[in-house]
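Okay, got some structures for you below.
Look for chain A in each of the two complexes below; its partner is chain B in the first and chain C in the second.
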Partner chain A sequence: MSTISTEQIVVVGGGPAGLAAATSLVRTGARVILIDAGERPGGQYWRHHAESSLAAKHEELRIIAHPNVEYLAKTNVWAATYRDGVSTLHLLIDGKVEREIRTRTLILATGAYDRSLPFPGWDLPGVMTAGGVQALLKGQKSLVGKEIVVAGTGPFLLPVAIGLIMAGVQVKAIVEASRPTAWFTKLGALTHNDGKLKDFITFQKIIFGAKVKIHYGSAIVAAQGSSCVEQVTLAKIDRKFVIKPGSDRQITCDALAVGWGFTPDLSLAVALGCASRIDPRDGSLVIDVDEHQETSVPGIYAAGEITGIGGSALALTEGRLAAANILKAQTEDLLRLRGKQQIFANALLDIYGVKNGWTTWQDEATVLCRCEEVSVGDLRKAIVELGVSDLRGAKLLTRAGMGMCQGRVCGQFVAEFVAKESGRQVALKDLQGFAKRPVITPIPLGLLAKGAER
Partner chain B sequence: MTNPDVIVIGAGMVGAACALALTEAGMEVLVLDRSTIASGTSGAGEGNILVSDKEPGPELTLARRSRDLWFEISERIGGDFELEAKGSLVISRTSSGIAQLRHLADEQRNHFVEAIEVGSPELHDLEPYLAPEIAFGIHYPEDAQCQPMLATAHMLRMVRLAGGRVSEREEVLAISQAGNELSVRTIGGDHTAPFVVNAAGSWAGEVAALAGSALPIAPRRGFILVTAPAPKLVMHKVYDADYVANVASGEADLQSSAVVESTKSGTILIGASRERIGFDSHLEIAILRRLAAQAIALFPSLAKIDLLRAYHGFRPYAPDHLPVIGEDPLCPGLFHAAGHEGAGIGLAPATAELIRDAVLKKPSFMDPTPFSPRRFVASS
Partner chain C sequence: MTQIRVILNGESITSREGQSVGALLLEHEQRATRTTRQNARPRGMFCGIGICFDCLITINGITNQRACVTNVEEGMTIQTQQGSGAIA
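After this line comes the complex of A and B, so read on.
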């Protein structure tokens, strides 16, 4: 274990926001420690394999070679504390070595993970998140199946489907919950799209060329199979996500990629005491930042998805803005750009929003918490018999969210489920309680004990 | 405005046990909690039901009665709250520790506690993964454990079934005399009842103050580590004899000694640290490290297992380490049931019995005088 001076700026997260911040900082001569859970920089959005030429296209991906950057790959912050203006980060490097870093200036860009919704069969092998399928493809060039259905909502589904098509996988259907007509009310936002519209048209051409059908206003509401997914149920849904009776039909496949957008990963920010709020656009818990990306904790900045889901272009701008504020540089242009990008992000979240009709897709046996195997029936029983009325109660009395993923997968939707069944709204306290994980990532006890005072 | 027979403040383990005992005595009970069921200390512990860590005296009498009541209640109300007589194994490595442990076990046996001395190799038959150099232990087969949140919820389920009411998110603002009754004003309105039970745990002093009284109950913070699910490495609750000394200690600074056990869900729990720093939620990494090191000293194979979670709770303690059970001398009708420190789960049913008997003015299974609030509150 070593402690370094508090002079260096520390950036946590090697995705677009963190890389953009680091790039802006080192350009002016600042020294940066960049902490990245990944094997190489890029995060989820720029995930690439070792031989990829992606780094040639983006300056940000090359910044790790800069002499003023200390890049720590495969490094997790397993715990963190903040006291008297200093953040202390406890690092676990490659699961083997501990290191402690202190800093007065910290940029958090910890990103987001896939948002899941539970439906009968979602826990079958072969059912994966869209992000998980893409990560395997981009990072290791490996495929999850031969005949796949891509479903959920959001602009992210198309690049996932295209990646699979390019890799030779048969994409049997793309299932999108929203309707293309939703865009008619958002035409103004399209002028701030940063080239996304061009991408979208290119994607559509490829999908059309591959003869893959996109089912709009529909969802995969069940998956069946004995040891692995063998077929899925496609159904039309209304604007509230309630299944239209009689609209269901089966599609055979050996894999299903589902993505319902993203959930910000706040564990580190919450551990450091940064204030959070519920984002009214998608119901996610997000970190509260001021105009300059600074959190409620002085000296700690947040950029990218943890301040609200907004995509990579906005994340880059937020990262640069945080850096500009730390450097006391001019920010007017960045603020203007961020404003425009937020208009587009708002439109996307509105069009591809998850509506709470999904809570009607389950039966009593549907698993909610996969780690602890807690079913809808178990949770209903706890609500009716034992008086559970919030997420904490659900966790303590059913063990939902207590397993290996620590509620990262199920926390949000269990909160929504309990709220609906007990006639309440999801409270800020519910989600904050779940985001509070003093042990952010697991650490072997033997390693932990090594650092004990002797 | 409601007018039940008794109002219980606090829907933790002690409040739920009191509510159940009073309900079963035929009273109409209203339980109030400013948050939700078991949201304080009851939801932050291991669910200890122990006789092994009690020195002979009134607390051991309470603990033995309570331990039996736990199994009776479990039979009576059903609902699986994972009650299990898993037994404890208390070990020591030093000659002075062994002598003290032997002495304690002798005295406990005189008070009908089952305490069996075990040396090697029997010790390692009981705990195959225990560090091989450990050669002395006392086995307490009566020690038990439950899942305290579930136990609390199931007791309150019975209260509701019998017509009682549990009102969550209803914070008490004031307690005052109203004729022969007590009036309890909350954020939701006014309630009156002839009897009020203060089962607010670590916050019981604040509730006493609302009634114009005072209780010297303060929080003593403890951390618990939870591992990832692992093969069953630990068969009993296993702890170092230092634990007993720490429980009884009056020192304010950090003490810790490993208490290690497996749970039904396959995780391993590691306690127990003790600090008197108020309601401070600040994570102290040094404590996690120390607990991990102490646990590995007991079970070396834990070194390879991942720490998954850590949480803390606030044990409500009184200066003399005895719970406060009985009627307040300054506020007739107000009964305190608090200050059980780390033993609130285990002692809850017998505490409830003392409270029930005090409310009904009936003789009880033991003389409750040692627990009386009069030891802190002089009557006017």
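After this line comes the complex of A and C, so read on.
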């Protein structure tokens, strides 16, 4: 089925940014098609299970019932093109139904997923991203283990640990790479968001009450087990993330939730030709937007994490701002709010920054690319013996980043690894090479063949 | 909540409508969905949200489906995978 609906505004992404944009738009009578990969709205941040009452709390989650909204759940955009001001999106609904839609006004709010770092044993079953553990808990009331270590860096680790504690799991330890002293230089930024500070204090109380220890300036640098994780290695790390010798010890557990911040999901925006840049705050590739959240492609707007990691409050504001600009409405208050929220987001990214000392945690056998089973040794061999110094060469010779996830998991850190071993900085084209994906989301082969005939 | 019967590795078990295959496996203490193609290493869910393609599993005879984003359906057959999809 093909719909040509250039008069409708299309929003891709059902998280806070996309929902906020859709909400602002329909309030003024606009018609919106909202495309969401999830089975119900909310994205990662507002993920909830079928009987949850979360929708009662947030108007944005209820917007899908509005008569002017066509909500497409479980829908992936697997291919997209832009020509003469019109974006064409090829959709696959619930893995079965195909549809094509066209629009002159598109808002991209495709969000982010956990950023990962490789370490020995990170491929063992039972080792999951913090976001994955949270998604299982919030979306499925499902637990990955009974004795869990929560590790990595960022303000997201505490709510994950608390969710697990509330669900009756024994959280064996919380391991945070940053140090609390890092906050002292950022107190000014905190005043821009005292709600978050209150949350933080509540979290600390619950964790203290549950007698869970938070290890600061530390990291889980290895996991061991035969058929799944049985124990992990905790070590102190310095400010550059290098392990302090002799500081390591083992913690027994049956699961590890590990997250190192977030990676924006740019596949769709890049496929449409939107310009990207390296975000100097965390080194991730982000979509370049102007003051109005508009990308380099006229009529295509971007909001939320794909324009730079900033959290849900900023994402909501950016979604509203994109909508306001499309509607040519007042934006002053939103701009002011966005400015404040950005100061807070910048402070967080600085405090919870990932430093490249992580490249010393692996041994030769450590898997870097999980899909294609490319090890540190394989990549190093390509660099040292075959003289590879760029990402293209590394991909071609080792197949790193060429598996089913198309470099979503390993792209950034493989780029950092190759750059470091070659004695240079990560270049924009390294990351762009990974973000340009032939198929935006994998689809059944039959469909791909049909697409190629077009 | 509607009960659903599915077959996991040849055994008939109960699941619930809306449950993901990945969550069902965890409930049955099955963490690995497959072994890898080259080194036959066990793998299970990693990202939990459909990004990483680690949780591959054979569903209704079709190999390499993602356990984390596939919900159970009445009568579904689910089989853990060896390598690219021979049945474990």
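Methods note: the second predicted complex is superposed on the first by the 446 of 454 C-alpha atoms of A that agree within 3 Å, B and C clash if a C-alpha of one lies under 4 Å from a C-alpha of the other, contacts with A are read in each partner's own complex, and residues count from 1 in each chain.
In this text, a contact is a pair of C-beta atoms (placed from the backbone, for glycine too) under 8 Å apart; a residue touches a chain by one contact, two chains touch by 3 or more.
Here the structure is a predicted model, which means the values were calculated and not measured.
Of the two partner chains placed by the overlay, only chain C lies in contact with A:V133; chain B stays clear of it. In the superposed model, A:L386 lies in contact with chain B only, and not with chain C. Within the superposed three-chain model, A:M402 lies in touch with chain B and out of touch with chain C [touch as defined at top].
Within the superposed three-chain model, A:C228 lies in touch with chain C and out of touch with chain B [touch as defined at top].
Applying the stated contact rule after C-alpha superposition, one finds that A:E332 touches neither chain B nor chain C. Legend: residue contacts after superposition of the two complexes on their common chain; A:D84 is shown touching neither chain B nor chain C.
In the superposition on the C-alpha atoms of chain A, the part of chain A touched by chain B in one complex and by chain C in the other spans residues 403-404, 442. Looking at the complex, you find that chain C touches chain A at residues 18-20, 22-23, 26-27, 31-32, 36-39, 41-54, 56, 64, 68, 71.
For chain B in complex with chain A, the touching residues are 36-39, 43, 79, 149-150, 153-154, 156-157, 160, 166, 168, 225, 227-229, 265, 270, 282-283, 285-286, 288-290, 292-293, 295-296, 302-311. By the touch criterion stated above, chain A contacts chain C in their complex at residues 37, 39, 44, 49-50, 113-114, 123-129, 131-136, 139-140, 142-144, 227-228, 265, 370-371, 373, 403-405, 408-409, 442. Residues 79, 81, 83, 90, 271, 372, 382, 385-390, 392-393, 396-397, 399, 402-404, 406, 437-439, 442-446, 448-449, 451-453 of chain A are the ones that touch chain B when the two sit in their complex.
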